[in-house]
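Think of it as A, B and C in the order they're written, each chain with its own count starting at 1.
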Amino acid sequence: MSIIALITDFGTADHFVGSMKGAVLNINPRATLVDITHAIDPGDIRSAAFSLLLSYSDFPRGTIFVVVVDPGVGGERNALAVKAGPYYFVGPDNGVLSLAFKKAGKPIVRSLENVYYFRKPISSTFHGRDIFGPVAAYLGKGIAFEKFGPEKTSFVHFKTPQVIFKNNRVHGEVIYIDRFGNCITTIEAKHLVDFSSGQVNLKNHRPGSVCLSYGNVPKGKALGIIGSAGFLEISINQGNAAKDLKLKIGASVEISG
Amino acid sequence: MSIIALITDFGTADHFVGSMKGAVLNINPRATLVDITHAIDPGDIRSAAFSLLLSYSDFPRGTIFVVVVDPGVGGERNALAVKAGPYYFVGPDNGVLSLAFKKAGKPIVRSLENVYYFRKPISSTFHGRDIFGPVAAYLGKGIAFEKFGPEKTSFVHFKTPQVIFKNNRVHGEVIYIDRFGNCITTIEAKHLVDFSSGQVNLKNHRPGSVCLSYGNVPKGKALGIIGSAGFLEISINQGNAAKDLKLKIGASVEISG
Amino acid sequence: MSIIALITDFGTADHFVGSMKGAVLNINPRATLVDITHAIDPGDIRSAAFSLLLSYSDFPRGTIFVVVVDPGVGGERNALAVKAGPYYFVGPDNGVLSLAFKKAGKPIVRSLENVYYFRKPISSTFHGRDIFGPVAAYLGKGIAFEKFGPEKTSFVHFKTPQVIFKNNRVHGEVIYIDRFGNCITTIEAKHLVDFSSGQVNLKNHRPGSVCLSYGNVPKGKALGIIGSAGFLEISINQGNAAKDLKLKIGASVEISG
C-alpha cells in the first residue's frame, strides 16, 4: 500500500499525466495515485511549491509527493528525493519541493544518481515518466531511501515567506489565490495570538474594511479567516475577494491592533 | 473494498480535491475514489443535484457519494448522511443530495453530529476534507450508519422536476445541458408511453421541428431521444442542440401527438 | 490486477467519465482506472488516435485501452476489441484505435457481438458505459478474448503517417501539438540515422533556423529533438514553438543535410 500524490504543469489535455502513471504502475502496480493538480502554469515553480505547501499535510504518513514543474529538464539541474517528517518528496532541484520539506521537518536530501531506478531509455524531455515517477514507484515498494543516491547538503530552496512584526503590526503578503477568490497569505494562526480582535489593512482600501472576525459575517462581507491550511485568508462570504478587493499575488496585508 | 464517488465545485486547479482524497485515504487507505465532476459552478447547488441524479445509478451497489457544493460552510446548515436504495449519500443539508436520494428510494436521513468521525481540528471553510470525506471513509470501512448521528425527518430538498399532462400533451423543461449540447429534460421514458411517434415542440421553433424519432436521423438533424440516464434529450445528430436551437436551462419542452 | 486506461471526448465537466468508471467497477471492482485524456475535441477521431499512439507503450503489459470518440454511436458502425503486442484496445470501429494497434504489432481484431458482456439496457447514446467499459472490465477479469465476438479482417484504419525520403531529405508533418507548444512530427528517430547533424526546414522560415541539435540550446532557441514518444519534435527551449513558429497540425517539416 503506497500513496503517490502528483503536482505537475502537464495539464490534463495531453497524455503526459497518463504516461507518467503508466510508468509508475509498471513498477508498482498497487500504488494509489492521487492528483493534487496538473494545472500549474507551465514552468511556474513558485506556484507549485505553494500548492504542495498547502496540501501535503492532509495526506497519510508515508505519502510520496512527486512534483514535476521542471523547466530545466534535460539540462544541468539535479534530481532529488527528500525525506522530511513522515513524508517523501521527489522532483527536480529547483526549489519546487523546498517550502514543503522545510515545514515537514528535518529534511534529508538525496541526489537521484542511481540510474538503476530510472526507466530506460531516459528521454531528455520527460523526467516525470523516466526518473521522478519510477523513483516514487520504487520508494513506494519499500526500496531503502539510501539506495537512490548520495546525501546532499546544498540544494535550491525558496525562502520561507516572511512575516514581519513592526510597531505592533503584523505584515505579510498574498501567496496564493484559489478558485473561489480567497487570498491566502503568509500569515499563520500563531502570528495572530495578540491580534485576534484586530483589523486587516489592505493597500488602497479603507483601514479596517476587513475584520479578523471569526463569527458569522453577512453575505458579501469581507473577512480575514484562518483557512484550512492554517494560513490567514482574505475572503468574502459567498463572494470573490480577489476580484472584489482587487488583490493579486504579492499584495501586502497588515494586521493591526 | 469501498467506492467513494465525488461531486464538488472545487475545480481541479487548486489542491482541494487532492486534500479531500488525502483525508479519506488517511482513514480508509483501500477506498477506490472516483471523480464524477469537480466543475460545478461555485455554489451551484442545483447543478450538482442534477449531476448526481443523472449518474448515481451507474455505480455499483454500496457506492458512497460525497457531494460538496456548500456555500453555507461554517454557518448553521446541517451535515447529512443518507441511506437510500443500495447507496449512501454524504453532504451538506442544502438540497444537493435530495433529487438522487428520493429517486434511489426510501431515504433514511441522519444528521452528522458524532464528531468522533471528523478530522480534527475542524476548519470552518473545508468540510469536504474535515467532515464529509472522513464520514464517507468510515462508512466505507463498515462503521454502522447509525453511529454518525440521529435520524432526521426534516431536511432541505428540491422538488423533483414536474412533468405536466394537459390536453394530450406532456410538458417538461430542460434541466441540464452537456458538453455536446444535448439538452436533458424532466421528461422520462415512462411519460412517453402514449407519445412514441410524437413531436417535440419548442418555444420559438416551428412546431414539430424536432421528432421523437428513434431511428436514424441524418447528420445535422434534431431529434428527441431517451438519453443514457432515462430522460428525454433534445439532440442534434453530430451537432450541438443547445447552440443551434438556442435552448437554455429551464426552456420549456412540450410533446404532442 | 488489471489496468484500464481511458481516452474520450467526454470532457470532465459532465458525469460521463464517472458513469463509465462506475459501470466498469460494477463488473470489476479491482480494476485500476487511469485517465489518459478526456479533452479530445468532440468527435475528433484523429486526435484521439494520435493521443493513444503517443502514450500506449508507456503502460504495463496487459493494459486495456478504452477509447471512446464515437460520433457514429447508435448507428451502423461496429465495435471492436483488439489484441496487439502485449496490449488490448477497445473502442468503435472508426480508426481511433488503429494507429496504436498497428504499431503495437500483429493485431487480432474482434467484433464486439456477444451482448452477454454488455450493460443492459444498452442505450443508443452512451456505449462507453454500456459496451466499451463493460467489455474492458470483463477482459480485465480474465474472460478469454475469443468470447467477445468473431474475428474480423476488415476494419477502418488510418494510414500510418508517411515519411518520404527524396533528394537526400526527409519529409514529414506535424501530427500533434502539446500544451507546451511542442510540435510532434511523423518523423521518428530511425529515419534520422543519416541526418544527426542536419537542419530542420520549415515553410515560411529561414532554412536551417531550427537545428537537429542534441546538446543544450540557449533559452528561447528552437530545436528539433527526439521527444519522449520517439518522434521528432520542434520545440523552443522554455518557449512555445507552435505559437512562435506559427506551426499547425499538418505543417510540413523537412530535414536536410
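Observations on the structure shown:
Simple rule for what comes next: contacts are C-beta pairs under 8 Å (C-beta built on N, C-alpha and C of every residue); 3 or more make two chains touch, one makes a residue touch a chain.
Since the structure is predicted, the reported quantities are computational estimates derived from the model, not experimental observations.
Viewed as a network of touching protein chains, the structure reduces to a complete graph with every chain in contact with every other. After Cα superposition, the angle needed to carry chain B onto chain C is 120 degrees, rounded to a multiple of 5.
Chain C has its Cα centroid 32 Å from the Cα centroid of chain A. Contacts with at least two other chains are made by residues 12 of chain C.
For chain B in complex with chain A, the residues that touch the partner chain are 10-23, 25-26, 29-30, 33, 42-43, 71, 74-75, 123-126, 129-130. The part of chain B that touches chain C in the complex is made up of residues 1, 3, 5, 12, 32, 34-39, 51, 54-55, 58-60, 63, 178-180, 182, 214, 216, 225-228, 233, 235, 238.
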